[in-house]
Structures are given as C-alpha cells and as structure tokens.
C-alpha cells in the first residue's frame, strides 16, 4: 500500500490481557495490522503495578528490537500502529498515550477521529488543561481525569462527551478496557488465547496470527473490561445505537483475510467485482486488478464474466524508509519503482482494469497510461466503490473536498481525464449488496464519503453539497 | 518467498553500460531481482579508469544507503544479489568479485554453479593459485588471469574450461561482457535504455523497472561485449549448443511478470494450473493457491474448472533480519508468522490447494494441517511441478537427495504423509506443454531434478537412481 | 565519566536565538555538554511560527543524524542532554518538553530539581492537570499555563511558585527566556555570536565551541528574554537572592575549560590539589590522579609538593551503548574495561592518589586494590572534596543517604575499608579557598552534601543529622 | 587522535590462544588498540577445525555486536584494527586476511609495511597469482602458499623474502604464529592469561586490559608458535638482526601506559619534555600540551622548569562517523569541533606549548593562532620530536616528502610560518636519551623520518636528500 495509494487509514490497535509474554504477542498483533499505519508504532505494558511504554517512528520491526520487547515485561499490553497525518508528525503524537496521575497510570490507544475534539480541547484548556500533542486522543485522557467516581464510571462519563469514530483500548495497572463508538464506525474484535487470555484487535487477522480464537466483535456503544481474567460488558451510553461501520474498511483498508462484523473482506470484494460485471459489463480480452487491494474484486469480475484474470500490473515491494528514491530525471527516463505494466500480458489486448477507488485521479491516469504504453488496445476502468465526493471526518485521511476529483468532475469528464475507454463506479446499492450478502445481516454502513450523509454533526467542519 | 520455501535460487545479476547514474540504475535492477537472493548484495562500478565495489550482507536496501550509491560514481556497473548457502557464508563470498592484476582490474558476477569447480580449483592450486573464498566464482577469475592473448580470447579460453550453469557478467575498466553457458541453464537478457545504454539482467522484470526496452535474450554459448557504447556478439565455444533452460525458473523462481526466452512466467503458470485440471480433476468447492508463487496456477485451475478461486491462505509479509521470531513456546501456542489459513473462507469447504513444488514435505504437511484446523472438509493437493527426486547441481539449493521426500516416497505414501485427501503432481509432458505453449517454440528444458537427466557430467557428485 | 563514576549530574541545556542554523549550532553546543548527561538528548526549534522537536535516548551523535538536523529548520533553538535517573526512564521524560496550547506552543528545558514538585503536582492535579511524564519539569509548563497576563508575567508568577534548583530555557514561537533560580544553584551563561545572535549554555565550554563570546552569567533570580534580537533582563522575584552555586560543579561535574561565575574550573581544581598538599602532606614518590576529573587536582598537588605527577591510572575510553560488556566470569579473570593501573609506573612506589570524591566507597576500594596489585608500596588517598554525608536534592543523583559511605564511617574507618595507607578529605574551608581564590569574589557555595545546610526547605524529603 | 593529527599508524594486532572466549578477549584487546587504527577492524577465530572471520569498516564497537562475537566461537583468534590509507580503502583490504587452500585455511594480520611488496607481487603474478586487494599483506599469503615443506618451514621461507616492517600474526586451524621483522621496527609482545593461555599484542596496554601478565617482547627476527598450549620460538633468518624500533612509537603512536621493549611510553615522553627544557628553555608563565599525546611531555617540561602546567587547550572528544561536521560557513564563524583554547587560562600569558611533532605545519599554525586569539602574549613552541624531513616506508602514513614542511623550511622559516614567538625541535641525541634512559638499554631506534637513514633498501621508492 505504501506510497502508492491516496487513502490512508490512520490506525490499528491491539490489546492483550493475561499472557506472560504480553508485549511480544502485541508485537505480532501489531505486525499483522501494519497495513493500517506505517509511520509509527508503540506498545504499553503493565506488570499489574506499573505501566511501561516504548514507542517510535517507523515500522513495527524498526521500532522494536528483541531487547526492547524483553524490557517490556508484564502480562497486559496495548499497542498501536499509526499513519502520521501531515500536520501531526513527531514523537509526541505517537501512541499509546500514557498519563501519570496521583490515582495511578492510564494508557490509551485510539483508532478513529473525535469530531468534537477541538471544542472539547477549548473547554478543557479553559479549565486549565495543557496538551503535549496535537492529537485528539490526548483529549480523552483529560476527560477521564476530570470525572469522578469509580474508574468505569469516569470512563463512561468521558466517552459520553465524545462524538465521532473511535475504537479505543484503555489500560490501567490491573485492567484493560475496550470501547467502540456508538455508530460502530471503526472495527474492534475480541479473541481468546489457548491459555484463556483475551486479545482485542482492529481486525481479526491479528487474532489468527497470535493463535487466538475469534469470540465476537465489540458492539457499537459497548465497553468491555478485562480484570482478574474476567470479561465484563456494558453499554456506556443511553443514546441510540447505530451500526454504521465504515464501508471503506471492506473496500480498501482491511486485510482480505479479516472478518468485519462477521463478514469476510475478500468475499465482499469478490462480490463487488461480480456486481460491477452485472452493472456495467463491456466485452474485453482480460481482466486485471490494481494490486494489492483490488485483486479480489478483479477475480470476482473475471469469474462472473468468464474473461480470464491476468497479472497485467505488478507492484514492486519496496519497503521502509531506507529505500533510495529515483530522482525526477531517472523517473522521466522511465525508472518506475511502484507499479509496472506487464507488456507481454496486456499488449494488443482489450483490458478491464478493476481498482478499489479514485481519490485525486492522478494515480488512475498514470496507470491507464502505463497500460496503453505497454500496448493495451482498450482500457475499461471499473471501480469497486462509488465515487468519493465528500471528505471523511472519521479517521481516514482523504484529501480536502476540493482535491476529490469526483467532487469536481462527473463520470464522463473523469473518464476523459484519466484517458480510459470507459469508466464506471459501482452503485451505492451494489456495494451494499456485496457487503451484506448474507440475509441475516441488517446492520448498516457509513457511506458519507460517497453521499455526504454523515452519521454525526460536523461541528466546525464544513462540506459543500452538490 | 523469504523463509517460507524450501528451494532457493542462488543469485540474480544486473549490469549496465553507458549511463551516468550506473550504480543507482543497478540498485533498482537488483532490487527487482531481490526475490532471487536475499542474503547479500553488491555493486561494482567503473568510471573507465578504476573499479570500485561496495557489498555487504542483507537486502539491497540494507546494504546500500544514498551516500554509498553516490560514492560509486561511474558509467558502467555490475551487481549481484545472493542467497547464501549454508557452508558459504561470510563477506568473502559476497559478489561481485574484484581481482586486482597488473594488467588492470577485473570484476565478476555469477548466477549458477560450476560443476567442475573443485577439479579446476585443484588444478589451479597446483599451479600456485590461492583462494580467498569458498565460492566457485573465484575460479573463473583465476582461469581468465592464466590465459594469454587479447582479453576476449582469454575469457573465451577460460569459459571453455567451465562446465555447468552460468550467467556471467564480467567487467573491466572500459568494457562489460555478458555470457550464458552453452546449455542456457540460467536466464540472461539484454535491454536498451532510452539514452541508448545497454542493460543486462537475469530477468526481464529488471529491464521494465529501469525503463529499458527488452532487446533479446543472450543465447546459450554466447558472449556479448559492450565497449564504447557498441555491442559485439560471438559464440565462445565450438561444442554443441543446447537450449535447456531450467524448468524451475518458470515454475518457481522467476517473477510472474518476467519473460524467459520470450515466454511470460505468469502465463506458463496459469497454463500449468489448467493442465493440472485436465490431468487430475476432482470435484470441490473452492480452489486456493499457496502464496505467492502458486497464485497464478491456482487461478488457471479455477478458470479451467469453473470452481471459484478464493484467498484461503494468507502469507504475512514480514521483512528483513530485524523481525523478532516467536519462541518455540509461542509457536506451540499457535503464533504463526508465515502463513495462515482463512477460516471464514475454507470452513466446511472441499478445497483444491495448488502448490508449486514439494521438497522435503514438511511445509505441505503443515499447510494441509492449517487448512483442516480451519475447518476444510477435504484438501486435494495439486502440484504444478513434477515430483522432485534428484538434487540440482546448477545453482539451486535443493536439499541433498536423501532429504527429497519424493526420492523416498511414492505419491500414495506422500499423500498420506502430508495428510491430504488426494495428491497429484503435474506430468513432465504437462509442464512442458504449459511452458512451450507457443508453436514456434522448439527449445528444450532442463528437468534433471525430476528425471535425473543431467545435461552435464556430474564429476565427483553422485546421485542414486531409482 | 561514563559508567565509572558514582555521581551524576542530571542535565545540560543550550539555547540559541537569531542564527539561521540554530539546530546545528545547538547540536554542537549539546555535544560539548555531553559530559553532563549521556542518556538522552533533544532539540526544539522555532521558525517564528511553529515549534518542532526531535529527541531520543542515547548520545547526541546517536539521537541526531544530518537529515534530522536539517529537518529542524528555524532560527531559534533550545536543547537538552540528560542523565536518566533510575525511576524516570522512557522517552516521555526526555526534554525539551513541548506544550501545545490555544495561545501557542511552549517549550522548556530544565537543569536542576524542583524540591516542591510533588506538592505542586498534587495541587495541579486537584485543579485538573494531567501529566504525561514523571518529570518535575512538566510541572513548570502547567504552572505557566494556569497564570494570567502577558507571557513574561505568567512565567514570573510560575517561577515564584518553584523552590529548588533550576537553570531553565523556555521558548515560544518568537522569543526565548533564560532563567536561573534565586540561589544560583545551577550555572547558566550568556554568549554572543559573531553575527550578533545570543546563545545560552550551562557551561562556557559550549560557548567556545560555537564561536560565541562570553557576555556574562545569568544572575540568581534573573530572567532574560531574547526577542527580535534584543535582550531584556529582570528579576522575577522579590525574595532575597543568594549566590550559592553548587560546589560539586567545580569539583566534579563541569569541564575543566569552563568558567563558572567567572572562575575557571581547572584552576580551582589545581588549587584544591595545592590545598590538599598544605592540609595533609605525606612523603611519597609519585602523585597520580583518577582520570579524568581528578587530573587537575593531582597536577596541583604535584606542583606544590615537588613530587612528580605520573600517569599511574588509565581510563579506557569506550563509548556508547554498543560496547559489549565483559561477563562476570571474564571480569573475575582480570578483564578490566574501565580503569587500569600502569604497573611500570607504580610498581614499588609510594603513591599519592588524588580523587575528586567518595560516594559509596566501592570504586575507591577497587582503585586502591588495582594500584596495590600493580605493585604500589603505599597508597595515600587524598580527596579534593569534603566527605559527602548528605544527599543532594538539587539535581545531582547521589545515592540515598544510607548508601553514602561517609554517612556511615568516619575517615579512619573508611581508610581501612578502602585499604589505603592514609586518607584525607579536603576541609570545607579549603575547598572554599580553592574556588574563591580571587579576592573580589564574594559569592557563596552550596555545600549541603557535605554539611547538610540545605539552601531550601526539604518539603517531604528527610535526612538524618549526625 | 581522530581527525586531529597528521600522522597515522596503520595498524594494531592482537592474538590469543587457548581461551574459550577467544573472540571476546580479542574484541577487548583490539578495543584498547583502537588508537592505532580507526577505519576498520576484524577478528578471525579458529575452533581447531575451521576458521571464521568477521570484519568491517568502522570502530571495533561499530563492526561487532554481541551476536557477531558470539557467532565467532573458537579458542584461538587473531584480530586487527586498521587506518585506511587513501588509496587502499574498501572491504577487500580489511584484515585479517583469510586464504582457503586445499591444505587448510590460513589467516594473517599485519602491522607494518613490506617495502618490496610490489616486486614480489610482480614476480607472483608472473607465476600466476591473482590478487583480490591492493594490500601488501596479501603477498605474504601467496608467498607462504608457494613454499614447500612443513608449515613452519614454508612460513620462514616466505618471511625471508620480505623486506620492511612487519609484526605479523598468522593462524592455522590448530596453531598461531607471531613474527617480528628482523629490525624490530614494529612492536609485538607476549602475555599470559591466568588460565595459561597466550596473548600477543602490538602494545602491552592490550595485555593489561585482558588480565594478561606481560612475558616478554617478541625479538626482532623471531617467530613464535603456539600449538597445543605450548610456546616454540626460533629465528626465521640467518641475516644480521638489528633492534631498530620506530622512534615515533614512543613519541606519538603508542598509548602512554604501554611499555615498548620494556620502556614505559609515558615516562619517555616526560623525559623528552625535561630534555626540551634543558635544550631550549625560555622564560614563560605557563606550560601547555597539545592533547592527548603531548600532555606527558608538557608535564615533564613543567616539572623541570618549575613553571606551572595548565590546561590551555582542550580536545573535544567526538567519536565515530555519525558526527555531523560543521560546514565551511559555520567553521568560518568560529565553530570549532576539534581543539579549543581556554581563554581564561592563556589570556595575557606567555605560553610554552609542547607538541609531539610537526608534519605539514598547518595544524601547528592553527593552534598558535587559537592561542593568540585567546589572548596569549607569547607562544613558544617546543616539539618533542626532531624535525620530520623524510617519508616513512615502514607503516606510518606520513605525507609525501614534498608535503613535509621541514623538508622545505628550516626552523627559522617554520617559526615564522606558524606564527610562533620561538620554535625548537628536540635533538636526535636528546630523543635517544629520553627513550634509553635506563643504562642497560643498548637497542637502537629507527629515526629515518628525521635523518633519512633507512634501515632497508628503498627499492623503487625514492627520497630527495638535503
């Protein structure tokens, strides 16, 4: 995904209770969530008496070495991987956050975005709070600190003040809380280890990797506590609960082997490919997908259409910050590090190219050109998500609205702009059908980035309507 | 491929002449050949007066940083990536080799294995040679050094003494030679840059990445020289030429987007999948492939059979030597870093699992168990290569013959051993058909590891026949 | 000093205003203050609009590379080196601290120790503050934040709440403040660059290294502001000012080429050596010093006594955390990495050994044994500081009182314990005379660690009186 | 020494036999010889069956980490630290050299320079040798390889062909040889460990550090073998033996705590200082030394003259290749990383400045200017070596003769050039007296760099006589 794509999830979280190698298990869990954030990582561990944290900028394998993991001794841990947004770099914003208070230490990991964070920050600063970071997560710690009562009451009172998207892990010396916002915008699952310990993860792929059995998803509006090896669950709010998980989690962010709300991601993508075929078929010689996230949809299309799926585009796996980037001069000479078209596959062919989304349009334009330069006779672009016309305020780093090409162009104009022979976006209805293919599924989806129907107030943020 | 597989190619080579950023182009070329060797890398550069080398253990991105690439100034370069065999570790064996002689410097990169290296070494030591490494490549330098005449004559005389597999790049201050053994066992291609410069690479994927146009493959027995920007070609031997490229290059080693002898690797794999269907079909619910190298064959099978291809196995991309390995205890608890089965896909399904090869059998056994543990009702294993019964002496690190499970068990026994419901290896005829699908193709394949028909004498090496 | 010594200064600070390469100048300044703290380092830079920080654990040369320094663009910077106390490790405690507030950013570097930090923390938490670190420095930011008025008023009000030792640098987007506590316990100097810019440093050696001219020391109780290139100075408190700089700064911590309050450190050490001779001479063949900090005193003694100074002990300069420590087994076999005695110098000699201090006594005991093992006939230990009987609460990491050997033993017992032939500590009067050798000097010294006369209240801390 | 000085020793060697942690002991030994070469390091270990090497560019602590030392298992080791000469960089030249032959492996470490290396190389290439490096050490391996008979005979025959300076360690699977050239130009000592094992080191400081007892120096022309825990000694040549150890070893290269031929280095330097006083006294206020190597001489002068020794110059200890160098612009603004003058010490003083040598004169000129800029009224330079007028061919990297300032200027001109108030070089007689202060000492010194009396033929090298 690295560097190629124009959409970025901001985080993944992983937690574990009741395992003597908590930090190491957490390391593996975070590693399998690396696709959700590659700029920074951290692990906070508790030995029941004291919290210890190690965090840094880079991939999980860069931030931690064996001796650092060993130094994080304890039987409970929470960890975080992060995509660093433009404005918010720096070690101060890297999670987990650790707060030292007279009543004990408090650690927090957060995936999502608090829409009313600035309002809360303003209010808290008036009351004397002072912030060390520009992160909205720090606000949560301050809110908890300022409540009264038992810890779970204080946390619930704080959570009731938050609006927006959050999958949270909160850790004290002797207990761990897992929370999901009342819309269920970001995913969070519970699993159980062979030894009885509990793990929490943004995606189920992280459960599999550590040998944990999937128990269930945390429900929207639910807070779960593990203490003394036991699970306690409650709703933290009286407000109406919705089930509006982010559609882009299925379409783009999550790993294909993860299940979200019990639905396998790869399967939904294949169905979206099939659906695209039904909505918009065109005759062609081969079907190709833009790697990696569009491969499943391309295979689905190919199966439905009976047109062979071929490997017409190859992504080069270069990793990490040590890679020496080509100069502009070399790039202009054709040095291409990210994606290349396979000429012997696409030459002289009519190509159906499946991609998961179009954000600014520049990448699509470049890929179509790659294919045509490699000899493709026709390039028909099929997108496995509806057109993105609205920014996300729930933890996805889409561009500003004015940069969203579908905000500015209709499909016809965009088709010309990217140089394709035809272009089609899956319908909202179509994507819904692909995700909710099982009859029993009645939960809903957040599709605000397609249709502007935001599940929360936008507070000071504004968007332009059509 | 890293760590998961039991077969290892030993090398990839890349060369470039007539480009002011030769070392940097070479870096990108080697990077795209990284799958051919991940233990060490090196680049040797010439500024027409003097050769300078940098090499080290690790991935290309680990061995080189920007300032080191910059320090390698010159307009000609050869480079190498290497899989370090058990006995032959250490910096002394890392290529390119550089020899300092009174007549000037000489650099060599080698992919393959010289079968008569020990005999030649013995003879050379008698004559007073002394070796700094345990590599067979060093022998080549000594042989060249001991010949007389013009440099090209000396090289050709030396090459005539070599038996075995070699794709060689040899560089002097002002010229670069590219050579392929007379059987054509290892691939080597020529490409041309937009600026007219020439590049040489083990696989065409490295040409694409640097913006070079594929010109042609070096022929078996051919030596090509670039000097003053011009190509000169000749045969270095009067002995009969064969065209016996290694079948495993198609089946397993090469990148799917590479073309070998004009044949696209991904395409041959898809055809092998199709062929497997025709030779051995069994009814099932889904087809899955062992990532990454068996995906193409699985898709081919799926298309031919009309059974959906699904992502039932996921490989975790952990990279580099900094990854903290799970302890045996954690592994026994189910922490799995390399491969996991996707339960929501395979549960309760009859699965056709396509893999590219079976070497020692332990990996296959483990994967079948993963699938069954994840709920697969049946697992039918289909292998896209014939059974490997003989060791390779031409540059592939297969195990010793006694470790080759197909040397010890027939298909029936092996099926039981790995716990599959059925097991089938593609026929030799079938793999040939998949690779030589174009009518005009008349070249042959080395399939010694399947049938023991070695293209060379084995010298002191021995194998047991059935 | 590294690893050898039992006393640790906790910090050094450096600041600069009005230089386009502020971060790089700061890097050199911190590098020359490295002896004051080797566990962590950080630099905070302002480009007049925004503060950016980089910090990490390790030596200055380990924490920063060229591209990180380049990324810290701005014309004002403050930086910090830190000795990490046992309890307070972790990146959260590494300075500079950066606070993000609605009125703008605020950065702080602190050398010293706030004696009433816990009381203030308690009070602040009651008011709703929440802390991210266990550092007393974070308290300062919270105090400033909670005041009203113009920034300088807010800072002065906050400073009035602090008791203890502090040399502070505080930076906002467009201005830099430098402060010294009202007792002048920790040093802080002002220098001026050739281009007119101002620099601030814990020691004058850091001024020299960056080409700055020494202007003057910050006075006890003074706050200095640089804004728009101009200096403004005022006292921040009406309380009585004292001039009680820490005696150990002269005796042990500071670099010999630094001047503190206008007095050269090397010179005071030589005079202390001379004074020791006058107070306690014994006949001997050679004088030696424990490197590095006792060399000056040893030379002073030698000159006064007319007994030759010899290099009888050698410190091995091993650096950084990458050094592989000898195992206990190797150490028991005589592998000695820190200090060795030079047998050809001390064999058969009567030795006067000068050291700067005795804390727990174990090091002295080990050195005396080294010398005797190397053949010294007699070892007369002379200590250039009075006996340390009381813990320091002003920023020096002495052990707890119960670990201070001079708290438990008188000179006679201690002499026996360390195995010396005689032992003498310089008198309090003697050390004062050595430091205040110029007539005009009327300032006083903090000698609380020798005599228990603490300059502040101790709040919740307690010490046992004789 | 790093970067400050204009003379460079090229190597230090360390060997050990009969200790289960041979590589680790070797690591400590090399670490204490780091001042003899800071560009590269290597250790070669034998487990009685096989030799394994690890080497790289950088300091000992940079080249080796704990796991690499652990991987070097065996009970015999030889190691090397190296100053990389301009022409001969690159990993190929880093020692120890390891040769793989049919009769077994052979490892070599070399301190010194073979004067007839090019002649031998020419002869060997005619016979078919081919070299991988530009190092003269590789020649030794080839020579040994080409002899007949028992190994010790082959080595002795090879040694007889060598002319020049060499302290060699040669290791086979089961034995270790230590050799010194017949002039004794480079030092080499034997020590014994508490467990009975033997160690060899360029300087005795490396014996001390590993807990070894000094036994004796290897004699000029001697070869010592350790096998099965026993020492065997013989002369390898019938030619006349001389005892001409390099005078600069005492004056500049060796650590002050080392003994060379039984003479302590620090002591000879102090005596040289005393001698300088006797030969050339001038009235002054203080004596200072250029750190680090001239401190002993300065103290000697001070004691003899009764003028106080002061710390007027401070060297900044920056280490390793990660240090960010100041730009030319910053340097011109007075940023000084290497050496600074202490103004409060030298201001208004008449200074006697002791240095160990003058090579190109630029450093001396710079230091005198530093002192004058810091306020010194007079600067009288006294050099503890005679003027260097001839290049060294025995392993010291002096400049070419034309760069030697004393080849071009007499003392008077040079004094003006460096801007000193007076300048004096110690006499040849004087330096001899300082080194051979004990009556019983009859061995001689190589002082070719002062007087051009080379102990060997110069072969193709030439020097201009006065």
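In this document, chain identifiers A, B, C and D correspond to the written order of the chains, with residue numbering beginning at 1 in each.
The definition used in the following text is that contacts are C-beta pairs under 8 Å (C-beta built on N, C-alpha and C of every residue); 3 or more make two chains touch, one makes a residue touch a chain.
The chain list, named the UniProt way, goes like this: A, B, C, D = Amidophosphoribosyltransferase.
Please read all numbers here as calculations on a predicted model, not as lab measurements.
Each step here moves to a touching chain, and the least such steps from subunit B to subunit D number 1. Subunit A and subunit B have Cα centroids lying 36 Å from one another. Inter-chain spacing, taken between the CA centroids of subunit A and subunit D, is 60 Å.
With centres defined as mean CA coordinates, subunit C is found 47 Å away from subunit A.
Shown for subunit C are the residues that touch two or more other chains, of which there are none. Pairwise chain contacts present here: A-B, A-C, B-D, C-D [touch as defined]. Contact residues of subunit D toward subunit B in the complex are 52-56, 90-92, 97-102, 121-122, 124-125, 127-134, 141-142, 145-146. Looking at the complex, you find that subunit B touches subunit A at residues 21, 24-25, 27-28, 31-32, 61-62, 64-66, 69, 193-195, 205, 208-212, 255-257, 259, 264, 266-267, 270, 296, 299, 302-303, 308-311, 314, 316-320, 322-324, 326-327, 330, 333-337, 340, 342-345.
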